[in-house]
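First chain written, first letter: the chains are A, B, C and D, and each begins at residue 1.
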Amino acid sequence: MIGSEGQRVRSATRYTYLGPEGTFTEAALRTLPEAATRELVPMVSVPAALDAVRAGEAAAALVPIENSVEGGVTATLDELATGEPLMIYREVLLPIAFALLVRPGTRLEDVKTVTGHPVAQPQVRNWLAAHLPDAAWESSASNADGARLVREGRYDAAFAGEFAAATYGLEPLVTDIHDAQNAQTRFVLAGRPARPAARTGADRTSLVVWLGDDHPGALLELLQEFAARGVNLMRIESRPTGEGMGRYCFSVDCEGHITDRRVGEALMGLKRTCPKVRFLGSYPRAGVDPDDRSGALGTVRPGTSDRDFVAAADWLAHCQDGRA
Amino acid sequence: MIGSEGQRVRSATRYTYLGPEGTFTEAALRTLPEAATRELVPMVSVPAALDAVRAGEAAAALVPIENSVEGGVTATLDELATGEPLMIYREVLLPIAFALLVRPGTRLEDVKTVTGHPVAQPQVRNWLAAHLPDAAWESSASNADGARLVREGRYDAAFAGEFAAATYGLEPLVTDIHDAQNAQTRFVLAGRPARPAARTGADRTSLVVWLGDDHPGALLELLQEFAARGVNLMRIESRPTGEGMGRYCFSVDCEGHITDRRVGEALMGLKRTCPKVRFLGSYPRAGVDPDDRSGALGTVRPGTSDRDFVAAADWLAHCQDGRA
Amino acid sequence: MIGSEGQRVRSATRYTYLGPEGTFTEAALRTLPEAATRELVPMVSVPAALDAVRAGEAAAALVPIENSVEGGVTATLDELATGEPLMIYREVLLPIAFALLVRPGTRLEDVKTVTGHPVAQPQVRNWLAAHLPDAAWESSASNADGARLVREGRYDAAFAGEFAAATYGLEPLVTDIHDAQNAQTRFVLAGRPARPAARTGADRTSLVVWLGDDHPGALLELLQEFAARGVNLMRIESRPTGEGMGRYCFSVDCEGHITDRRVGEALMGLKRTCPKVRFLGSYPRAGVDPDDRSGALGTVRPGTSDRDFVAAADWLAHCQDGRA
Amino acid sequence: MIGSEGQRVRSATRYTYLGPEGTFTEAALRTLPEAATRELVPMVSVPAALDAVRAGEAAAALVPIENSVEGGVTATLDELATGEPLMIYREVLLPIAFALLVRPGTRLEDVKTVTGHPVAQPQVRNWLAAHLPDAAWESSASNADGARLVREGRYDAAFAGEFAAATYGLEPLVTDIHDAQNAQTRFVLAGRPARPAARTGADRTSLVVWLGDDHPGALLELLQEFAARGVNLMRIESRPTGEGMGRYCFSVDCEGHITDRRVGEALMGLKRTCPKVRFLGSYPRAGVDPDDRSGALGTVRPGTSDRDFVAAADWLAHCQDGRA
């Protein structure tokens, strides 16, 4: 709980994020230009960061949603799928590379115990085996928390972002550690529902779709609603609905913007035929050069551009009026 | 050529049909209430009947389009697919049963030669084998023409509709002859393009779709445009485009009316993705009790009623406005 | 009826065809090398030609099955779909160009009446309008029959194959007449069921498939049985089953040979899921250079070659044995 | 590392599981009849439990794979998808209900601090809010570990299985705590590859499928390989391949056994068309009454039973031999 009286006035300029300070999430947040003029408030968990937005205590929250090594961040997926609706307005892609943080003066051969977030462990496992085969690993609540525990002397070294060193008075002994090539985490900036971010030509649309229980081909039909309109899927992840084993909803990202006709028609198709659909926002894809955004349209399947949709609607009207 | 000067004034009350008089087409035309107040003009061929409409010499033409034994009437399918556009406003279903027409006084044992349209022959083959195994068959240009030739003494008997007997001064010696159970012919009333017939709740929509040449899965995609919107196909027939072996267009009938949202969206899907689509009309299905027309809606797949489409469009607008 | 006693001995070397002499069918038949050593017997109709084979009075029959302008030859499609089974072993493609045959000495300006098979008429309509706008057309039972009637003086000119001139003592006044570019007719050589023609690498497989009555998506599923195995459709034609309006079976040609694994699996899929399937043969595609036959394999979709099928079967066996 | 010399002899009777003692995994393992005669060895992690099997130090490992509230257990999914192959031979479904374990004598009003595995927290959140709104939650490494920490006095109460009370000298103060109805965890027993478990008529088949990178419709095609053979999907979960954002493989369970023809053909279809497929086993579905196993066959789609496959293969052979 951040808020108390008087604070609500300031909530419009406040962004929460998955804390503590010194995490990759904070680093991702600081890549946003507007972060410089916002009050950035670390929260103890993804639900806490998002609930502050729901409660009107913050304008938006930055939380991790997907990691190229570990997969979907289920707390984020589930929080966005349920409860009071939120919407995604931005995404941030951050390359994930770890530094081994130590108290000043520590040498590699002195490191007997290491710590880090459980999610970090599989991403540095090979490096550990090669360089510190005898060091004992213990998990900490976050990478930043691990750094704090090193500061306090509980462990010899912590895996964390290099940027966390200064915050915790540590030194990066080794940098750029990552077992997987191209490891990245994707973060989303979520706020209360409002008009989606403007279309840029290289956008992503997120939604959650619940399928009917009794229908073996329901997932196939979900995909066909996209395929029938030439809309490419970028990500699909099943999540339990909590109603019992074998019941799932699907967290889905597709290419394009809700104001693209092909995307709009696909979404309406899902809305008509699935028990429940939650729209989570359309927003610019990260990692696309601004000058190339319109170029991304080159991948649109023939017959599915806005122009094709408008021409077809005109033709239909002509047919209905007997002028075709 | 019917028209000459002065006639054009009367063309609005003139219907052409595939003649000559006494054919099943005339019998089908006379089942239409308005036929009583129209000038009914037999034409020598399907193209002639339709060209009279195109030339403004008649308001509409009734022509056969499909027979439950012989299949599609290719002259009609091809005439509607090409040339100046026409549209279908009505269909008529006529049970096909033949009478054996003879000159008065002829007995069955006197019948040594029989005639009829080539299309009639396979529909009476079994009856002939059973009752007139030694009679010789020769084809005539139409059933009615066969009756005329019997009148003139060239053959002993003709297969034709019982209603043709009076016209040609003959007697029906045997009636209700038909090898196949439920043999029917479907006729369509075609006019110049105008607003389609009003929706009744039990309608049929006809179109012609050309597929891209180079795409093996193109027919599958055509069908999926219908399936994705829950629109049932009633008939599909391939026709050569005339551009060489292996190039086809498809004459298609689906359930529903062009003003049904699901049908409209399917048609727009075809328009967007196929090189060419010709809309041939939406019109009431024959053979449906007027009181049951709305009941036919019971077969609509969940999520594809007009109500579902409108609700989904509302939802999309809400999402785009940030109010979902 | 050809056969009488003593003839059966010779039936193994007899081929029937759709007569009379001088038709395109005869010309097509004579392109087959073995025709030189067969007795070629013209028959009055497609059913008659095929029934002679069924009755053991001929080894095979050549009949037209498809014309690039007029479409499927329904008599052939229906005869092969029903009755005692027959199989196709060869196909012949014949370019269709007409000659205007006249009695020696006739000049173009003398031609007031022309005749020909009804199917020929739409293929020469434009030529007639341009060169003989005032000539009256009357149909004859076949192109060859029309030539005979010109010989007898009933008409001034007949459209027929140039090769028919000598047979009927006429002269080709104009040759190479054809409104459509690339007009072709496809003929098939049908015999009693036996081992299919050997695989060549560029083959065609023909079948007839009946769909369940009550299933709107049945045609889509038929196509998916092919698509799921990467088998391209070459032709699909709906034909009424004779059981009433709206009931169809489908005459289908696909690329490949029944011994190609992908074709075999698709056929088994149809056999399992459709009420009735009739295999009509696998045979070399006409119009493919013998040296290019294996090259046609280039169009096989990845994962659907025989090699892929065999490798997958091996893998499955390994999995079932616990060795994968 | 369990093994040392001499132990390998006993490895055939040793089962590892995700420890420590007192977890739900141990409770699940003890539901297996053969557990009574096995040495049950708790391991520190899922990878450790499975690696012991790979190393030959244990015959099998029981690990959680899916929870109806929290979703897939990614450590298990990823371990089975990569590294030296393992296979699943059994599954166990365990209802998940927590007990609040305390030191003897503790009353509910005395509980100020509670602990448990992070996964337990969302499953008891509502209960906590209702009954212990002021208690502070801290996560522990496992539910059993939390119980140990209560024993040591670090926390007042731990959420764990009721069965863990005795092990740790605690008392269940409240039992049967679960926010979600029907919460269940599914566990799998994995061993080295061998012949799959025998078919029972109510089976599940697990596999991992990698899709081609460059193909937007690849997931749709994966599903169609199942749908084309009437095989129902039970679970599908995307997992990153580790090769970068946007690259996924799919962990899939379908109904049926690898020796069911429809399943075998679907698997071969995947093998042919996907870059990589790993078969993870066919095994009896848990939670099905043994007497009802054959009854589960009632859900097989017409045309996809083994009988249908065999009949179709016979028909194909007849066609290929000219006997159809």
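Note that in this section a residue touches a chain if its C-beta (ideal position, glycine included) is under 8 Å from a C-beta of that chain, and two chains touch if they have at least 3 such contacts.
Just so we're clear, the structure is a prediction, and the values are computed from it rather than from any experiment.
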Centre-to-centre distance between chain C and chain A (centres being mean Cα positions), rounded to whole Å: 60
Whole-Å separation of chain centres (CA-atom averages), chain B against chain C: 27
Euclidean distance of C-alpha centroids - chain A vs chain B, Å: 57
Residue list for chain D, restricted to those that touch at least two other chains: 224
Chain contact graph, described as a line, ring, star, complete graph or other shape: ring
Listing of all chain pairs that touch each other, if any do: A-B, A-D, B-C, C-D
Chain D residues within the chain C interface of the complex: 85, 87, 193-196, 224-225, 228-229, 258-259, 264-265, 267-269, 271-273, 277, 279, 302-304, 308-309, 311-313, 315-316, 319-324
Chain B - residues contacting chain C, complex: 66-72, 74, 93, 139, 141, 180-184, 186, 216-217, 219-220, 223-224, 227, 232-240, 242-248
